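This structure is in structure tokens; I'll ask about it shortly.
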Amino acid sequence: MEVSQFFEDYEIGHVWITTGRTITETDIVVHAGHSGDYYPHHMDAEWCKTQPFGQRIAHGTMTFAIGIGMSAGEINPRAFSYGYDRLRFPRPVRIGDTLRTRVTVSAKTPEPKRPGLGRVVETKEVLNQRDEVVLYCEHILMVECREAPVPNSDSEDI
Amino acid sequence: MEVSQFFEDYEIGHVWITTGRTITETDIVVHAGHSGDYYPHHMDAEWCKTQPFGQRIAHGTMTFAIGIGMSAGEINPRAFSYGYDRLRFPRPVRIGDTLRTRVTVSAKTPEPKRPGLGRVVETKEVLNQRDEVVLYCEHILMVECREAPVPNSDSEDI
Amino acid sequence: MEVSQFFEDYEIGHVWITTGRTITETDIVVHAGHSGDYYPHHMDAEWCKTQPFGQRIAHGTMTFAIGIGMSAGEINPRAFSYGYDRLRFPRPVRIGDTLRTRVTVSAKTPEPKRPGLGRVVETKEVLNQRDEVVLYCEHILMVECREAPVPNSDSEDI
Amino acid sequence: MEVSQFFEDYEIGHVWITTGRTITETDIVVHAGHSGDYYPHHMDAEWCKTQPFGQRIAHGTMTFAIGIGMSAGEINPRAFSYGYDRLRFPRPVRIGDTLRTRVTVSAKTPEPKRPGLGRVVETKEVLNQRDEVVLYCEHILMVECREAPVPNSDSEDI
Amino acid sequence: MEVSQFFEDYEIGHVWITTGRTITETDIVVHAGHSGDYYPHHMDAEWCKTQPFGQRIAHGTMTFAIGIGMSAGEINPRAFSYGYDRLRFPRPVRIGDTLRTRVTVSAKTPEPKRPGLGRVVETKEVLNQRDEVVLYCEHILMVECREAPVPNSDSEDI
Amino acid sequence: MEVSQFFEDYEIGHVWITTGRTITETDIVVHAGHSGDYYPHHMDAEWCKTQPFGQRIAHGTMTFAIGIGMSAGEINPRAFSYGYDRLRFPRPVRIGDTLRTRVTVSAKTPEPKRPGLGRVVETKEVLNQRDEVVLYCEHILMVECREAPVPNSDSEDI
């Protein structure tokens, strides 16, 4: 569903949380095949028994893909994704963990170099069934302003 | 294959590049199903025709998973992944694009709060067949030092 | 997202339509593998050239799974699915067709044998990019009544 | 394998049953990704523990796709699928259940509006390992008659 | 379907052929992910353009899995697979090729070391749409004899 | 990674072994769907309980695809695969088994009919977590000679 939301409409501190999804052995096998990452941390149950973490753990790129995917509900046609900062994996994800993503509007700043746009940061935290954070990142959105400021310069960046 | 490499062994400026992989419609359909992100940008060819980008484009989380996955060759038992900074998607990835990942050792810093470890940054750039950067990120590794410094404090961070 | 809706809240004639999804060769190959139906209508491009329909066509069970899946957005905790009537496939679905599902509340009837429940029929039509109906069915929901009628009998049926 | 069978060849009461297939967590994860239906009934093991059914259950559309797929063995070039009536799901399907499909020729009627064709109903019941019916439907086939009746009208229907 | 067939029932020279299956880009991507073989011959369309074969080609292990899978129709409870000899890939398989498998009973020999069993060789040839052989192998079956010979020794082999 | 190796560089008796991969229920379900082989040995847990092997076992073609895939690391641009001899499956592979592939250079012979090439045999054995051989085969490679012999005849064979 499309839900149009301008820069002015984002409220710092607004929080919502997704429904849950249990991570399965299937997800790990599918992700290995999709990404090409067959490291034994994800694929070799015997080797994992000899390691501190004791059992197969999810790929970080998978927790990211599923965590972000769970929060892909409504589409805001006024926004586009600029990138992510400070992507961290504070705790491992194991087979059988159930994840949800908590989204918090954590920052809003005008974007002087891009007339008519503002920068919104949505902090996304993926939580497991014990409410522990297993993934943290700051998703940067560029969002149209309802009333565009006077343009004044060119942008340049990665 | 395991190839042991200590903090001291990483050389700033060292660059290597992976073999290539062509992104297919299959990858996009599989990633939608894996991540649960069915946004029309990835799934609706008719709608995409009405947009500036003109055709279905890859999920950012997929370019990340495949780009990082392509660089998952040798395993360094002396290192673990700490996270990623400044993940950006400067250009869209389209069906039929062929991607490779270029890995550059771009920074090394001691990690005073984690005795025996140093921080290594590998800049990872995913390139298409025209050598354009489609994904940029800074992968942060924590790597064992061959000669551990004197420990002196506790760590705290995300 | 959960959106609670009682029997009384359904309005005959209410219509909504999903976003679109382009059917790919991948979907057909995945569905064959998932269902175990490898009939040449779906799998053998050479044989299909000799047939009136001229090219591979989607499995009916796939159009059903995807068509219903596209309409699985909000969850109504007051309703459960009872079944489907009159499932029909008026036109074939081909690789490259873009489908959307149109949902119409088409009937509401009390359910005397199931105290506190009413029967709601949602007609679901899957449309292609030319707005032609490729799948038609009547989805029967059992929905809680806000004010439960006096119970009076046991239920029995398939 | 093709096995040609005309309308006259179908015998009311003829029954056959397929080999079995165990429903796995993989099937459910694959079906969620294929259909786009990530309802917590199928995906969230923690939430399911709080519900009467107690554990993740299969999508109805998956039981249908696999149940019908299991019965897709011989191809009858004299018949085509017209649709399904009274599709019902009397009992839930759980991970680890083993399903088979029982096919019974349950009705045959001439099809006056479609010269040369007759309507055959195959009742398809999907059974679990305790021989309980988990899916019931009436599959309607249009089958060529060996001796075509005199044509007399046009057809019209969905 | 089970069809019981004893050693004595196999007839040298008996031939049958399967229905066809078109090899898709999806099959190659799925096989790479399933097997972990991401060689550029299968995955890198740009590199393939610089090679004599000019385009991505199927994995040999995939042609084998699909070619043998297509011939897995009837189950003979009197036989088990002993292995394969002389597995060859005379021509490459490309995306869009349509394959069928031709099965020929090519040899029968008593198996003196395994009382009650005989060895049957089914030559399996996978053909493309131009009837060219793309895979050749000799499938060795051990099959029960209807009348078991007098046992006389132990078996030993790989 | 490419590592160029001529016929002369192969050393009889050279052995290496891959990292491990645990075979999952997912692999079996995916392989059934990929190959089209739904035999109850792989798919029907209830039936398997009544058989000597007691539980679902992997498809031979899957153990082959994964076993060979695990050994697909470095690419030798001087070699191509000619085929496989004596493919055997001495023990079943069960869900939860962890496999590795051991590769031994077991034979080298000049190839008089193919000037400039030599034949190298790599014996590939797939081992489970108890170091039992579950798959044995002889992989035949055609490898360029560093110093090509005088050409003298045409080749012919399958």
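Quick notes on this one:
Residue numbering begins at 1 within each chain, and the chains themselves are lettered A, B, C, D, E and F in the order written.
Basically, a residue touches a chain if its C-beta (ideal position, glycine included) is under 8 Å from a C-beta of that chain, and two chains touch if they have at least 3 such contacts.
Since this is a predicted model, take the numbers as computed values, not measurements.
Comparing each option in B-E, E-F or C-D with C-E by residue number, the pair that reproduces over half of the contacts is B-E.
Centroid distances built from C-alpha atoms place E farthest away from subunit A. Taking the mean of the C-alpha atoms as each chain's centre, subunit A and subunit D sit 40 Å apart. Annotation: 45 Å between the Cα-based centres of subunit B and subunit D.
Counting partner chains per residue, subunit A has residues 19, 21, 25-27, 30, 34, 36, 38, 40, 75 touching two or more of them.
Of all residues in subunit E, those touching subunit F in their complex are 21, 27, 30-31, 34-40, 59-62, 64-66, 68-70, 72, 75, 81-90, 133, 136, 158.
Against subunit D, the residues of subunit B that register as touching in their complex are 30, 32-34, 36, 38. Of all the residues in subunit C, the ones that touch subunit B in their complex are 19-22, 24-27, 30, 96, 98, 129.
On the side of subunit E, the complex with subunit B involves touching residues 25-26, 29-30, 38, 40, 43-47, 56.
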